[in-house]
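I have placed the structure first, in the form of structure tokens, so that the comments after it can refer back to it.
Labels for the chains are A, B and C, by order of writing; each one numbers its residues from 1.
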Amino acid sequence: MNVNILAAERISKRFDGFAALTDVDFILRKGERVGLIGPNGSGKSTLVNCLTGILTPDDGSITFDGADITAIPAWVRAKRGLARTYQIPRPFRGMSVQENIEVPLRFAVGHTSARTISDAAQFILHQVGLVDKAGRSPKVLTQVELRKLELGRALAAQPKVLIADEVMAGLSDSEVDEILALLTRLNAEGISILLIEHIMRAVMMFSQRIVVVVAGRKIADGLPDDVMQQDEVERAYLGE
Amino acid sequence: MNFSWDLLVNALITGIVLGGFYAATAIGITIEFGMLDIVNIAHPAFMIVGAYLAYLGWNSFGFDPFVAMVVFAPFGLFFGRAFYRAYHFFFERRGDESLQGLAFFFGVLFIIEIGLVLMFGVDYRSVPAPYAGSTLGLGLISVSWRMLIPFLVGLGMLGGIQLYLSRTFTGRTILAVAQDVEAVRLIGADPIRAKEIAFGIATASAIVAGILLIIIQPVEPSIGREYIGRTFAICVLGGMASIPGTLVAALLLRVAETLTTTFFAPSWSPAVSFGLLLVTLAFRPAGIFGR
Amino acid sequence: MSTQAAPAHEPRKSTLLPARFRSGFAIVLAGTVLVAATILVGSRVSEYYYLAAYTILQFIVLSTAWNILGGYGGYVNFGTAGFFAAGCYTTIVLNKLFQLPLLIDMSAAAAIAGLMGFGTGYLTLRLRGVFFSIATLALAIVLQTVVINWSFVGGARGVYVVRPEITGLFDSYAHFLVTLMVGLATCAVLAAWAVEKSWIGIGLAAIRDDETAAETSGVPSLRLKLIAATISGALMGMAGAPFPYYVTYIDPATAFSLAIALNSIAMPLVGGTATWWGPVVGAFMLGSVQQILTVTISSAANLFLVGVLLVVFVAAAPRGVVGIVRAWRRGHK
């Protein structure tokens, strides 16, 4: 029985000479909460893009729920239960908030009845707290609300794994707590979560394990307190 | 297929010489599309405008094409800057629809082509410059000045633009914008003004390329559309934002086209450029000199 | 706190037809009525109006077809003339080889042009939109060159096509052609409506807004784009199939005309690309203007005007007439 829900083995990715990722190993166990930290430009987003299928790694393999997905297109990964949010929110601006949520319901989950889709969307809007904005355009949403929409869309895909890419950036303390509470609740329901974040308070509180990536390499992987005390981590992340 | 070594050597020489001209036509796209990410498919139409300006200059004022270049290139610079300002105001600022942008350039392409038809008709126009008729002998090979001049001017233009972009402050700002618009803002420079000047340079290069074209051959308004595929193929093959890349890619493309024309059929020209583009995108999307 | 189970605003449900299908039903109804009307009117209307009607109907089909991939999906086809001409020359080839009924010609044209759309899409729809656009341009040019060099279909000189005898419902072959076109236009508009409301249309809208986010939401973007490109191409080919019988003499310049290339983009953009009735409005507006002006100014000047209108609308009214109408409706709520 495979206890790893998502695993990346020796992932490397180069952009014309620039090594964005080098030999990165990464696992996420079922039901786990893992935090991924590292300075800007260290390769976190590249790793997420490789995991979700937006980019193809030059070397290495990716396994999801027991199957090799290295060559599988992004939309199939989404259907199998791998969902993500985007660092800079990317809503479908020509649709309403509810219609945004309905896209993954229709495509990732595969609902066909308009009634089912609408009801499910309403439920998700409740979960993320956007019900009163259901018919509005994403263009009028605040930053927090856009982040919630990102989460809502990811949730609508009924994911087994949720990759939350800097979903709390720029939010106030209470807003951070709101999102954190939501993520914790989702994890309690069985969703494995990879949290990529700069807000250390949130990462420390939330994560069972922390992975540190610097300059395209993984330099630490372990319990939060242990990792944060390692010399290289202090030097690379907090020091300079 | 009628093969002979003579034919092959001639085809190669012609290909290389005219490749220099192709580079002149494509440098504007390298700047606009490769560096600034503006899909200006009307660029070849600007080039044809340049050709007709040379024709007018010759007919009405007796301008030699070289004089036409000096007189009309600044016009291209000015018009290009104004055109970019309009494009930025109506499309870049809005940001959400690239459909409208593409349709806009398509509309401009047509307005220019049909405008030229209305003004000059569909007949071919030429500028019979006196030196264009003679040839230069280099041992066993002879090359017509008609083609050699555009080759040399094209090379000069590329060199000049490369120097400008790498040595002047504005030029380097343009290169920086090509890499990261936000970073340019952070250092206090104005990326919009840089793009404006870059677009002006690109348009001026189009005007000059058009004048070179009419030295090589007679022109009529619809010729521009043949160059859309070619210039974009050269830009991509050359690595998008590389000027040496543009030159090499242009030479390769023209040689490929000339070989196809000589040994197969002239009519497959557009297929050659498009085929090369596809192969590049499939196997080496970064092109030859790509970043 | 109210204990009522039903929400406050429950829309009154139509007992006959769910709201979703109303537009589609209206299209079918209007189309049927128009076909019947055209049949009945017969030769009581002067030949001139038939000519004008045929041209506008043809543009309705082309604009609608273009919009399925262009407006809904955001991928711009510059080579509509190539797909249209493929339909024309399919008819000519089949006409020379066998003497088939026009409807068979149209089916063959749909298959061939659809395949062209699929093939072009397969090669380029994985790339940025601009490369698809350049591909369609190259395709049109290459096709035109092939036809010019193909003596079987008349090459650059062109061919004459003889209209067959027609009896029964129709007073003349021209009458039959116009009626056929009304039917084809109805089918095209119905197809566009169906695509728009279906999961294909919703997926395309997501792709148009943000293709990457659509992919990670489970939208199979390449698949949907290929479907749209195939349907779009097939409809364009079907529009071209009757054309040789309509003009009776056809050469490459006519089949691959600039007017088709420009109008098939200008009409949807002026009318509005967001929904099925935008291209119809655009085709009517620009088509009528050109028909009226054609007697006073040259065809080149006509096209020049279309180009100017395209640029003006795209800059000042990017959502087209559809956008203007919707904004007006919102303002009056």
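Remarks
Here, contacts are C-beta pairs under 8 Å (C-beta built on N, C-alpha and C of every residue); 3 or more make two chains touch, one makes a residue touch a chain.
Note that the structure is predicted; figures quoted are calculated from it, not measured.
Centroid distances built from C-alpha atoms place A farthest away from subunit C.
Of all chain pairs, the one linked by the most C-beta contacts is B-C.
As a whole-number value, the distance joining the C-alpha centres of subunit B and subunit C reads 33 Å.
For the pair subunit A and subunit B, the distance between mean C-alpha positions equals 44 Å.
Per-chain CA centroids place subunit A at a distance of 42 Å from subunit C.
In subunit A, the positions touching at least two other chains are 93. Multi-chain contact residues of subunit C, defined as those touching 2 or more other chains: 208. Subunit A meets subunit C in the complex at residues 52-54, 73-79, 83-84, 86, 90-95, 99, 102-104, 106-109, 112, 114, 153, 156-157. Every residue of subunit C that touches subunit A in the complex is listed here, in rising order: 20, 199, 202-203, 205-206, 208-210, 212-222, 274.
Across the complex, subunit B meets subunit C through its residues 33, 39, 41, 86, 90-91, 94, 97-100, 102-104, 106-108, 110-111, 114-115, 117-118, 225-226, 228-229, 232, 265, 267-268, 270-271, 273-274, 277-278, 281. Of all the residues in subunit C, the ones that touch subunit B in their complex are 70-71, 74, 76, 78, 123-124, 127, 129-131, 133-135, 137-138, 141-142, 145-146, 148-149, 208, 258, 262, 265-266, 269, 273, 298, 300-301, 303-304, 306-308, 310-311, 314-316, 318.
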